[in-house]
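Note sheet for the following structure.
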Amino acid sequence: MTNSILALCRHAPYGTTFAREGLEAVLACAAMDQIPEVLFINDGVYQLLAQNPQAIAEKSLYRNLQALPMFGVERIYICQRSATERGLALSQLQLTGADVQLLEDPGSLIRRFDQVLSF
Amino acid sequence: MQFTLVVYGAPHSAQGAGTALRFAKAVLASGHSIFRVFFYGDGIHNGSALATPPQDEQDLLRQWQALQQSHQLDLTVCIAAAQRRGVLSESEANRLERPAANLADGFTLAGLGQLAEATALSDRLVSFGG
Amino acid sequence: MTLHIVNQSPHAGSALRDCLNAFAEGDALLLIEDGVYAAQEKAPLELPENDVFVLSADAEARGIAIAPDLTAIDDLRWVTLCVEHTPIVSWFR
Amino acid sequence: MTLHIVNQSPHAGSALRDCLNAFAEGDALLLIEDGVYAAQEKAPLELPENDVFVLSADAEARGIAIAPDLTAIDDLRWVTLCVEHTPIVSWFR
Amino acid sequence: MTNSILALCRHAPYGTTFAREGLEAVLACAAMDQIPEVLFINDGVYQLLAQNPQAIAEKSLYRNLQALPMFGVERIYICQRSATERGLALSQLQLTGADVQLLEDPGSLIRRFDQVLSF
Amino acid sequence: MQFTLVVYGAPHSAQGAGTALRFAKAVLASGHSIFRVFFYGDGIHNGSALATPPQDEQDLLRQWQALQQSHQLDLTVCIAAAQRRGVLSESEANRLERPAANLADGFTLAGLGQLAEATALSDRLVSFGG
């Protein structure tokens, strides 16, 4: 039995590299068959808002996130409070091929896991 | 118990680098073992052989190296994060045609699979922010 | 008159709040990088009534709709803003 | 039960507030590094009633007096806390 | 005529190196006879609280700050609101040999200067 | 007008590094000049010759170097901040007895006096956070 893993994605894209390097770590876990579940919380919910970063010469993190379901990462949560505080509706925060779930109580989700990776 | 430490902080930039070292010592002093220390994000700068702090500031590199020697620690630097930020082994420097290598002795470059494995297999994982 | 530049999300850090506490009448504010999240209509902090600018490259990158009373600018206009103001104060991390 | 670790000043960043929004009954909180500024008596955020720990090295470094209802601990006790809890979540930057 | 300079010190000591590297920059300006005035604001006011960082293996920033007046840096301000919000009294925030002034309106101080260095 | 830019952000870590480069281009395109770009704090990593971003990410180093060549830019890396963090010129590496040098062509190591001078003498100073 290996550990269950939650990836906690807390940072907005582009301002720092936490979001990008978090995604890379999640994909690496999935490639090793250690498929994490993913919680977008705090400014991390902005990662799921459609983006167009050409003018700042970055790759679209939003587009790269769409790869998650293809790698078997299908349990994806969004903190409801975080989305609401930022004026975002669930319909604006979507991943193709994944059933993104709104979460009211992040604390009780977190404690279900053995390990939590923070990004 | 087996601990894995994930270090995001660069020395002489964020305190997390020093905190991780102190925590590692406390883990070992408590009789537990360290499965791996994984340096990610800016934390990869902990593996730079060129960092030269002033005499009156702590030298984290030498302390990590001493700990590595005395406890055969696995000090893994994420290769992708390190390439971007300019910490290279001899073989990486050759492969990428860069003019020099600067990965410190005692540290190993490896992929994110090492983080996945450590997360899956160690009893506890503690992250040290940047 | 001072030009204040804020690059931090208003949800994640105190930079914008700290800036507004040191804002004087007639100063200008420029939101860049993650600071553009404060330029949305329902942002958590109330911005000054005049002279609030938003770097459009950063807003576009993040998919942010800029509130109508703010002024989106490009990099060249940013340079002009710097010429027009002194000192220039950055609020970051 | 989760051990939450916060290393950011409650005045400068959202890490502590974010952590408290994800705190469940029975969880423990450890304040380290700049997080110890939340351990003062008149800190800006209300902490949980039980199981709040403060790394004493960091509080002493900063000249902070820890509120009497919190528990100051050393590095060895931190390791024990980690043994007693799972998962361990760090809130930073 | 050279520019007047204000150093804005906004960060707590030790968590990041902004405070230490800010002090070094201020001393370097003073050594070049470009003596800045200094404003401690936001978490920067914590720099002036007496410290004992031996247990984290750091040099005392507080002690090093005491060198400011010796280098001719004598106009030192503390943002009153920042101190009050943190429950700090002026008597706890002192530099030997300097006349530390509480400041009610940082915005009007800032605009008196040609250049502002942020740390 | 003469601009000085102070850069605190490391590339591939904080956006400030890229923003500073874009601003520098806009300053020059506007017909103004750049007195100095001073890399301080984590910003000194902009001067690392070893940073090797993936092909599909922007290469800030080459862009700074191109700008330096075309406009004779003064790209000064704070020597004290760089020593601590492990960015060394050949002569510094020799002096400090470190195994390699990694300061990129086009960048110069110098003391904080260069920041003081630039602050005192340029018309505008703009800082780019980390």
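Just so it is clear, A, B, C, D, E and F label the chains in written order, and each chain counts residues from 1 on its own.
By our rule, a residue touches a chain if its C-beta (ideal position, glycine included) is under 8 Å from a C-beta of that chain, and two chains touch if they have at least 3 such contacts.
Treat the numbers as computed from the prediction; the structure is a model and nothing was measured.
Asker: Please report the minimal path length, in steps, between chain A and chain E on the chain touch graph.
Answerer: When the steps are counted carefully, the minimum from chain A to chain E is 2.
Asker: How short can a path of touching chains from chain C to chain F be, counted in steps?
Answerer: Minimal hop count between chain C and chain F: 1.
Asker: Hey, how far is the Cα centre of chain B from the one of chain F, in Å?
Answerer: One centre to the other, that is 26 Å.
Asker: Please tell me the distance, in whole Å, between the geometric centres of chain A and chain C computed from their C-alpha atoms.
Answerer: 27
Asker: Which positions in chain F are in touch with at least two other chains?
Answerer: Correct list: 12-13, 15, 19, 22, 41, 57, 80, 124-125, 127, 129.
Asker: Among all residues of chain E, which ones touch two or more of the remaining chains?
Answerer: Expected reply: 11, 14-18, 42, 56, 58, 115-116, 118.
Asker: Could you say which residues in chain D touch two or more other chains, in rising order?
Answerer: 7-8, 11-12, 14, 33-34, 57, 86-88, 90-93
Asker: Where do chains touch, given as pairs?
Answerer: Listed by label, chains in contact pair as A-B, A-C, A-D, A-F, B-D, B-E, B-F, C-D, C-E, C-F, D-E, E-F.
Asker: Contact residues on chain A for chain D in the complex?
Answerer: Residues 6, 8, 10-11, 16, 18, 41-42, 79, 81, 105-108, 110-111, 113-116, 118 of chain A touch chain D in their complex.
Asker: Show me the residue ranges of chain E that touch chain B in the complex, using the header's touch definition.
Answerer: Going by the criterion above, the answer is residues 14-17, 56-59.
Asker: What part of chain B is in contact with chain A in the complex they form?
Answerer: It comes out as residues 6, 40-41, 80-81, 111-113, 115-117, 119-122, 124-125, 127, 129.
Asker: Going by the contact rule set out above, which residues of chain B touch chain F in the complex?
Answerer: 10-13, 41-42, 45, 48-54, 57, 80, 83-88, 93, 96, 98-102
Asker: Under the touch definition given earlier, write down the residues of chain C that touch chain A in their complex.
Answerer: 7-9, 11-12, 33-34, 37, 40-42, 44, 56-58, 60-64
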